[in-house]
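Each of the next two complexes has chain A plus one more chain, namely chain B in the first and chain C in the second.
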Partner chain A sequence: MTAAIEVRDATRVFRQSTGVFSGDRLIRAVDGVSFSVESGGCLGIVGESGCGKSTLARLILGLLPTTSGEVLVEGQRLADMDRKARARLIQPVFQDPFSSLNPRRRIRDIVAMPLQAQGITGRAQADRVEEMLVRVGLPGAIGDRVPAQLSGGQRQRVAIARALVLRPRIVVCDEPTSALDVSVQAQILNLLDELRRDLGLTYVFISHNLAVVEHISDRVAVMYLGRMVEQAGTDALFAAPKHPYTQALLASVLTPEPGLGVPDVGLGDLYPDPANVPPGCRFHPRCKLAQARCALEAPVPREVAGHRVECLLV
Partner chain B sequence: MPEAPLLDVRGLRVRFNAQVEAVRGVDLTVERGQTHCVVGESGCGKSVSSLAVMGLLARGAKRSAAHMRFDGQDILGLSDTALQRLRGDRMAMIFQEPMTSLNPAYTIGSQMAEALTRHRKVGKQQALDRAAELLTKVGITAPGLRLAQYPHQLSGGLRQRVMIAMALMCDPELLIADEPTTALDVTVQAQILRLLRDLQAELGLAILLITHDLGVVARIAHKVSVMYAGEVVESASATDLFAAPRHPYTQGLLGCVPIPGKIKRGDPLGSIPGTVPRIADGFTGCGFRDRCAHAMPQCAVSVPQRDDGAGHRHLCHLS
Partner chain C sequence: MAFQLRRLALALGFVIVIGIALVALLAPWITPQDPFLQNLDARMAPPSFMDGGTAAHFLGTDQLGRDYFSRLIYGARISMLIGVLVVVCSGLIGTTLGVVGGFFGGRIDAVVMFIITCRLSIPLILVALTVVAFVGSSLTVVVLTLGLLLWERFAVVARTTTMQVRNLDYIAAAWAAGCSRPYILLREVLPNIVHHLIVVATLEMALAILLEAALSFLGLGVPPPLPSWGLMIAEAKDYMYFSPWVILVPGIALFVLVLGINLLGDGLRDRLGATRDA
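Coming up: the complex of A and B.
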């Protein structure tokens, strides 16, 4: 069976201009990342800001070309597909429903846009828009409003309706609930989960909130400075994280349990800088367990008890 | 007789225009050396309440209260200049986005020193020495280098540490922190919260912390007030609130939070149907009744304040 998404050694380099007299800096936002998502699965991707998770989302969506490596969607190379074919297969839901919806257009037209682009018009278009709005739990009358008249949760429902109106196979959610209040976040997570099961969708779910990722994903990948340092089934990853970075990340989750206090994450004061990647293991300057060889030797991913881990010490 | 709380606010009301009241009769007390968290969703009035305490509301906003006392002194009737002397000195505030609260055109050092030179009779160099000392205290290595840098040269976590150090320049007794870790990564959030906790233990700071994150509340608060639609609907010690939430809104909110390992994947999270109502003039009864599964006819008329003992109170017909 072909995987819904297969990413092979994908790398994306950005050139950052540092001024007139100094040369450009190269930022390897995604650096040799490989993974696959099986059809109907949900892969959660977590990591701190600047780890490359959003760049990876853009590579999977085909919004950015890879510098090297390739992305296959349902067995086809993304680079060989035209925009229309890609849009029928894979769709995004972004973080901020305030900026991802055109403020001057009516909701009905926003959701109809992907259909319009595919040449589906008239009655067929109107019916599918209507059906989709109902499916995401919006009242029919909302079609005539503009985004400013909607709440944050309603706007995110509109963004989901727009993503699903072409009946894609894969949805890439980049921080879909980060801008929402907890009660609304729960509504949107429940909706996304229900839609995935009912429509047989495949998700890539990117979030900095580990509790959210744990709830919705069946597999989790942890990114650090452009690399995927650990991948495993959600339960295995949360029960027994192997990589020291995953352990620190999980330790920093503040669950609403009073009496546990604030954990000591033990990552020190050094913040990762994507433009200045340390040699050897890129996590070694912040790693509690780091040894001398960690600064010299770059780890390669290995299979350890069902986890794919990139650490010399595991 | 127990010591009077450092901050004691009764019946705080804030309105922005003739029709809309953003804060409707809020009581808040912060004890010395303790953390009081105000938690709620966007638009509930939590930030406005904290700005009202600091006297930092936008022009045009009207503030009233039964009383508002800081260390026993009435601060409601203080003139702007008297309030300015207090602000940044005995009470200080930090905000969510350290990038927008720091001036991009001045170095960290000159911004930090200003806090001290404005409130105390000290020279620039003395103020800079104090700034360097505080940067070290908040866990910043090479303070000399940081003082000469501009805000854009620092990471988000470092900027928030600078904000905290700046707030501490005049040894405040009360620190008001509005979503201090919301813009930060979880790993950095934990570090900043530990820092606040350690500083509190060392300096006896009273902290009023505004947040939407129940995880933060559980881990750092002594006392919690849950706000909804401009009112405190429940307040209790952190232990009591999480163990036995009384108000349907608090119960609903706690059910919405995914907790790793606690809720089975595929099971829906709890959620609160509907949206926050717009509270216009003439509104009576409970602001939560349209979203509440237990709503009764009398909820549209009035809401009683219930005392559950041990400082636990909630605003509801249900006990």
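Coming up: the complex of A and C.
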């Protein structure tokens, strides 16, 4: 069976101009990432800000070309697909529903846009828009409004309706709940989960919120400085993280008990710079287990007890 | 208080611009006399509300005895016509250049920037002088000269606002939805920058009207006997020490129109920017 998404050694390098007299800086936002998501599955991708999560989302969506490596969707190379075929297969849900909806169009037109692009118009278009709005739990009358008249949760429902109106196979969710109120987050998360089961969708779910990822994903990948340092089934990863970074990440989750304060995760204050990746293992300057060879030798991914880990010490 | 003042300013600008536009449109029906009819017996008659004025000429007559009020009304036609045509022409050129440069970026943007820089280094009055020297002055020449030169502010504003909009998520969503480039430009980008362009349009319209007046004053604008306000000021300057109203009347009209357009533009920017965005 072909995987719904297969990413092979995807790399994306950005060139950042630093001034007239100095050369450009190369930022390796995504650096040799490989993974696959089976049909109907949900891969959660976690990592701190700036680790390349969103760039990876844009590579999978075909919004950015890869510098090297390739992305296969349902066995076809994404780069070879035309925009309409790609749109029928894979759709995004973005983080901020305040910037992902065009403020000057009515909700009906926003949801209809993917159909319009496919040449589906008139009655058929109106019916599918109506059906989709009801499906994501919005009253049909909302179609005549503009985004400014909607709440954050309603807007995110509109964004989900737009993503699903073409009945795609795959949805890439780039932090779909992190811009919402806590009370609304759960509703949106449950809606996404329900839609996945009912419509047989495959999700790539990007978040920095571990609880959210644990709730919705069946497999989790941890990104650090443009690489995937650990991949495993959700239960295995949360029960027994192998990579020191994953361990630190899980330890950083705040406990609900008051008075305990912020946990010390031993990552230090060093912030990783994707333009200046450390030699050897890129995590070694912040790793509390680091040894001398970590600074010299770059680790390769290995299978350890069902985890795919990129660490010399595991 | 400040809010009410702004509304008042917008309303005032709206009334002035619509009023002058109506007067310009209806000129043939509301002028009391033929603006081209000369009457050398009744030269330099003062306005009816001044000493020696007659009821026949509300704002008096000019040096050739033409009814000044009728000429003022026909002058509104010239000013509005030039303002609108120049803005349409320069708006099309500038917006196209700016949106294309801002949206595509890279080399295309570098070319657009170069064209804008070239335009900025061309002195407008000098070009107008040269053109008039070669092809003579007419209304068409003035409109074309200004229309082909006054687009740089449109281009700069359209370019920067497009660059801001281009990176927003709804544009990414439109790409992911499989929309074509022209669709994204026309339906997703343009509606979200148009309120900035409207403000530029009002500024440019006021500028075009003032430039036409300046060109006519220099004798490079619309040729006599067309009653342009700039031309009226030019013709009046020889008589201003003896009958100051001949220069005051078109001067005040020009001032009021430009003020009205600017008030309207400012007000529209506040309203359009605030109502639909969150």
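Points worth noting:
Everything below uses one rule, namely that the second predicted complex is superposed on the first by the 308 of 314 C-alpha atoms of A that agree within 3 Å, B and C clash if a C-alpha of one lies under 4 Å from a C-alpha of the other, contacts with A are read in each partner's own complex, and residues count from 1 in each chain.
Everything below uses one rule, namely that contacts are C-beta pairs under 8 Å (C-beta built on N, C-alpha and C of every residue); 3 or more make two chains touch, one makes a residue touch a chain.
Being a predicted model, the structure only gives us computed values, none of them experimental.
After superposition onto chain A, partners chain B and chain C are found to sit side by side with no clash.
In the superposition on chain A, no contact is made by A:244 with either chain B or chain C. In the superposition on chain A, contact is made by A:212 with chain B only, not with chain C.
Once the two structures are overlaid, the count of chain A residues touched is higher for B than for its counterpart among chain B and chain C. In the superposition on chain A, A:190 contacts chain B only, with no contact to chain C. Shared-chain residue A:153: touches chain B; no touch with chain C. By the touch criterion stated above, A:252 is placed in contact with chain B alone, chain C being left untouched.
Vectors from the Cα centre of chain A to those of chain B and chain C enclose 80° in the overlay, to the nearest 10. Judged by the touch definition given at the top, the superposed model places A:299 against neither chain B nor chain C. In the superposition on chain A, A:176 makes contact with neither chain B nor chain C. After the two structures are overlaid on chain A, the closest C-alpha atoms of chain B and chain C sit 11 Å apart. Of all residues in chain A, those touching chain B in their complex are 48-49, 151-153, 181-187, 189-190, 193-194, 197, 208-212, 214-216, 218, 234, 238-239, 248-265, 267, 269, 271. For chain B in complex with chain A, the residues that touch the partner chain are 41-42, 139-141, 155-158, 185-191, 193-194, 197, 212-221, 238-239, 241-243, 252-263, 265-266, 268-272, 275.
By the touch criterion given at the top, residues 168-170, 172-180, 183, 187-188, 191-192, 276-278 of chain C touch chain A in their complex.
Put simply, chain A touches chain C in their complex at residues 58, 61-63, 83-84, 86-88, 90-92, 94-96, 98-105, 113-114, 116-118, 146-148, 159, 162, 166.
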